[in-house]
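Multiple structures follow.
Here come two complexes built around chain A, the first alongside chain B, the second alongside chain C.
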Partner chain A sequence: MSARTTYLLLFLPALAMLALALYPFVQGVLTAFSDRKLYYDTSSFIGFQNFIALFADDEFHDSILRTLAFTAGVVFVQIPLGLGIALLLLRQSWIQPILRSTLVLPLLIPPVVAGLMWKTMMQPQSGIVNWLLSNVGIPPQTWLSHVDTALLSVILIDTWVFTPFAALILLAGLQSIPPELDEAARVDGAGALLVFRAIQLPWIVPFIVLVALFRVTDSLKSFELFYATTRGGPLNATRTMHIMAYEEAFRWSSVGKAMAVVFVLWLMSYFISMFLMTKWQRRSGVHHEYG
Partner chain B sequence: MNTVKLTRNAAHALAQVLFIGFFVFPIIWIFMMSLKNFRDIISYPPKFLFSPTLQNYRETIQGAEGTLRAGELPEYVRFLLNSLIISGGAVCLAVLLGIPAAYALARGGLPWRKHIAFTFLSFRFAPELMVILPMYLIYTQIGLYDTYVGMILSHQLICLPLVIWIMMSFFQDVPIEIEEAARIDGASILLTLRAVILPISGPGIASAMIIAFIFSWNNLIFGLVLAGPNTRPVTMGILQAMTFDQIKWGLMAAAAMVSAVPGMIAATYLQRHITRGLTMGAVR
Partner chain C sequence: MKLDHLQILKSGSWISAFAGAALLGASTAAVSQEFDWKQQEGSSVNVLLVSHQFVEALKPLVPEFEEMTGISVSLDVLAEQAAFEKLLADLSSQVGSVDVFMTSPLNNWQYATANWLEPLDEFIGDPALTHPDYDVGDFFQGVLNSNRWTRVPMQGIGEGPLWALPINSESYLMAYRPSVFKELGLEVPKTYDELLAIADKLDTGSAEFGLITRFDKYWDLPYLTFGTMLQSYGVEMIDADGNLQICSDASVQATDDFVTLIKTASPEGAGAFTWYEALQGFASGQYALSLNEADLFAPVYQDAEQSEVSDDVGYAPTPLGPDGTRKAGAWIWSMSMNAASKNKEAAWLFLSWVTSKDTMIATHLAGNMNPVRASAWENHEVAAMVNRWGETPGQYSDVTATMAEVAAVRFPPHPELTRMLDRWAQAVQEVYFNGSDTRTALCEAQDDVEKMFN
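For the complex of A and B:
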């Protein structure tokens, strides 16, 4: 294909992305350095004042810590759990297709629906979850309604929604292992544990990195589950950076400050995703080709 | 069968039951709630057996009795229509723009091809507000706020990277010899694309469109920021069941179930391409 045709085919999509993503993005960065309010069209450049104010604010530090805690919780729960489920699904049986279609459901229903579903079930007084727990002798929990348990509860809900993502990707990884490799090990008398440690785990490392890339970046910017369940409450216990930015803009109409918050979040997400992306590209070069 | 194998199979079965319970029970429970009357919903201990009613669905679709003015669509139906227009329009536009781009990136020998592709991809990882909050400021100035055109354009941020990356991976799967044969016979690039590549990649295009539609349909934050009373999508409609002083549980459950229908249909259809769709073509 000639270079001219290539440019021609790319022209409109690139123009669309420039107008719809890059232009607002640049405007957004400029806004972060201004005192822009929601209901006034005018604003003036104030340098780093938004950032200086933010980094002097304990509430902002807390929101960074919450965002990182949430992301770490998500990754460290969902990857091992997803791997367990993938191994479970690897065994051929009549029930396997049913399990697989079940697994896809939480990923394809709206996150806000998932959030509301769990919020309903986690009602401390009348919810089904506490009732189920009481049947096996576990005392009722406060779930989303208490400062100490709210963030953990959102991690639990996120786990329900996104563990299937980890499981499906890792299952695809396990299924891509050449059968000869697996059989050879088993013929040599390797048990399930050894096969896992010596063959399966090393093979799926790039897949694990890929899951981490998606789960880390999605969790850093997670918004909809929080909005549907707690909107940052109770007492700011789940006020992550993305929620904080939304509130700064639409509740306190400080768009400049809101953009400063998102910009910091974007920087964090950008460097982490670049790091994971290069790591993944290097790893995946070994046994499959990409892009 | 020896005992070790028997216990292992039992453990395996137990794990499967737990697994299904955890992932399916919430959906079944809310579905049951959507069929309950108010008394059954708030009863404690929770009721598993009850006489089902379609009242919640009726009220969701038709609106509460006596609140509707003549010739006016019920609120929730308007939300559904809005979502249909926005997501349907966004997917069509994304396919028109995305297929040529994906083809150019898959086959054209640009030196900085990878950088373009990753620039498209990086918007998948960026916090939404980084783009749509400034977009809100721009939209209110140029009159695109709360319009279908504005919503469809903004949803390109969701749909276009998805379509481009998924289609890129499908185009790369087409053997290059087929294309070369067509080109040698004198077909132009566009004719090759239309008559050779697209038919082969048909199922792939369908999957990409479905995934893009679902992610656009399921989205909340774009509507929250960029939509007003005229274009509010269905995901915002569900939140309306939660008013300031009370939550109408039954209505919320019914609205949630209706809004999840496209995703549930897609879940059964997409089986084969789901991992490719979810990872934007990275895992085939």
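For the complex of A and C:
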């Protein structure tokens, strides 16, 4: 096979894939600049009007803050928790294989199912969570049904579902530490805390950045858990940008405005991901130098 | 803006139907020899349904239709919100993968605007496609005509093409636990003032909580349940002069009283209750009173397999407003045909079979409430079943007849109406959750709604 044929065989599928990815994206961006409503056949190009209206809307500002608060909550809870679990799993013990296989179970449950399951369990009057708490003298909590606790409750559910992901990646990072580093440190009399601070933690920084990269991008566009638990409520307490876009498109048929929200979300996701990617690549370089 | 108000349920028809229920026999299932049910044999119909007692009642009957017609029917049953989302995606794509679907006048004001609905008059008028026993005049005409609309925003409801056929109708009532009221020595309230006066006592007996009603941030709040309270306080979204009344004095009063009731007699978390929580909550036996909830929850309350209160439930009309007025919202589940359907004749055969006298009666006997055909109310078995419901024989029938006299859709037909009502509901939630000043919150909502008309 000639080199030309090889390139052609690669080029054509690549072009098809690019077109399949780009066409909906470009179509979506164009829609963001239109007044398209699902129930009208026609739509007009209206420039930046959707964006101007959005940025003049306090509710949009609030939805950006909620999205960022959710993302920050998810990352700052799940990474330390995942790291703690990974360190426990690193220890050789008879229970370790059982723990490992149990750990991944939440990841195997679709987020919508997990959301519905937790919604039932967190039901303030009849849910099992409040019943369990009442047995140890803790008063019932409102969980998903009050503006003050709803976002925190979704973060907790997300943590239940996705902390195993963080733990698995970080465990892989910890296991990739060359044993001689650990042994040398211990021979020199270093305790577990010092080994963690001086060897394990610096070594797994790229893995932490990797987990952060995945969890940040996933959390910014998180939808299923919100859809299954609160749909943005109560009031607007969990109305993130993705939920706002969903309401605009599927409750009110304002596809133009919905795509404008999604476009802003995409920009945020893109720039934050790029920032984390740069960090990750820089930190990964350290490992390559060692290797 | 000038409004056409439609009296959905012609009270006369309903009352006469109740009165005659014990006297008239079941409609017969005479099948005309001339009518060809097999004319679309081999075709298929896709039906999108919202999870509802009607669907549970319909499912076992579908094989009969398939056998009679040779048409294969595929039922897709989804939760309400998911069903409407899927429907919107399908209708807007105009692919026509859904032929027939459950809907309501409120939803159809948007779908009809978009030309997504097939008008049904021609099918009904075609003797080759409609069985001679179909008898469209047997529907309560107020209910049937709520599905007519000229497609001119803000007017023309009850006129123009028929976009859907009704399958049941819903209004609102109070359901209460007679044992709890007796235990506490309380009378079932007749007015909102009386209800406010006893609200803090309702949970002092064997009921864990006082009252339950849906209270989410969506259109059904001002349109249906809290809407029933608003209308009894004299609040309609737009008054006879065409002015918005969302932040009128009466609306502020109704909202304050509603929030007071919830804060006094409902548990924490009541601000997120949907109709589902309202239904399950009262059926679980935790509450003394269900305020202004759907009358068609009664089959669940009365079913010992689904309810803890099956032998301890009574029904009462919704309370009277400050000046002794009682009005109520109305919801009419209906079925429409997709204009993009590729099997319109087969779809019509299915639609006309579902809404026929016999099929309707069969679904009512399996819990699909409330009937929209006079013949169904006249059926012995339906009448006997309904007459058993309540604290005393005939209580449910009497209460729903009372409510039918005052139930109506008092909102303007407009494709943006759901968005407007969502905004109104949000304002009520702001008062409850944030302690916002009621008038300020409602007037801000009114300003936003005003912009949506343009």
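We adopt the following convention: the second predicted complex is superposed on the first by the 272 of 291 C-alpha atoms of A that agree within 3 Å, B and C clash if a C-alpha of one lies under 4 Å from a C-alpha of the other, contacts with A are read in each partner's own complex, and residues count from 1 in each chain.
Criterion: a residue touches a chain if its C-beta (ideal position, glycine included) is under 8 Å from a C-beta of that chain, and two chains touch if they have at least 3 such contacts.
Here the structure is a predicted model, which means the values were calculated and not measured.
Identify the partner contact of A:Ser34: answer first if only chain B is touched, second if only chain C is, both if each is, neither if none is.
neither
Please work out whether A:Gly233 is in contact with chain B alone, chain C alone, both, or neither, and reply first, second, both or neither.
Only chain C is touched by A:Gly233; chain B is not.
Is A:Val147 touching the first partner chain B, the second partner chain C, both, or neither of them?
In the superposed model, A:Val147 contacts chain C only, not chain B.
In the superposed arrangement, which partner chain does A:Ile109 touch: chain B (first), chain C (second), both, or neither?
The answer is first: A:Ile109 touches chain B but not chain C.
I'd like to know which partner A:Gln78 touches here: chain B for first, chain C for second, both or neither.
A:Gln78 contacts neither chain B nor chain C.
Contacts for A:Arg100 in the overlay, against chain B (first) and chain C (second): which applies, first, second, both or neither?
After superposition on chain A, A:Arg100 lies in contact with chain B alone.
Please tell me which partner, chain B or chain C, touches more residues of chain A.
Chain A has more residues touched by B than by the other partner.
After superposition on the shared chain, which partner residues are touched by A:Trp131: those of chain B (first), chain C (second), both, or neither?
first
Contacts for A:Pro24 in the overlay, against chain B (first) and chain C (second): which applies, first, second, both or neither?
Touch status of A:Pro24: first partner only.
Find the residues of chain A that appear in the contact set with chain B and again in the contact set with chain C.
The answer is residues 41, 125-126, 250 of chain A.
Touching chain A in the complex: which residues of chain C?
Going through chain C, the ones touching chain A are 81, 84-85, 88-89, 92, 110-111, 113-116, 208-209, 216-217, 267-273, 281, 284, 286, 415-416, 418-419, 422, 426, 429-430, 433-434.
Touching chain C in the complex: which residues of chain A?
38-41, 123-126, 140, 142-147, 230-237, 250-253
Please give the residue numbers of chain B that touch chain A in the complex, ascending.
Touch residues, chain B against chain A: 12, 15-16, 19-20, 22-24, 26-27, 29-30, 33, 42, 44-46, 97-98, 100-101, 103-105, 107-110, 114, 116-120, 122-123, 125-135, 137-138, 141, 153-154, 156-157, 160, 164, 168, 189, 214, 217-221, 224-225, 235, 238-239, 242, 249, 252-253, 256, 259-260, 263-264, 266-268, 270-271, 274-275, 278-279, 282-284.
Which residues, counting only chain A, touch chain B once they are in their complex?
Listed in rising order, the residues of chain A that touch chain B are 1, 3, 5-7, 9-10, 12-14, 16-17, 20-21, 23-25, 27-28, 31, 36, 41, 85, 88, 91, 95, 97, 99-114, 116-118, 120-121, 125-126, 128, 131, 160, 164-165, 168-169, 172-173, 207, 210, 213-214, 217, 220-221, 223-224, 227-228, 241-242, 245-246, 249-250, 255, 258-259, 262-263, 265-266, 269-270, 273, 277, 290-291.
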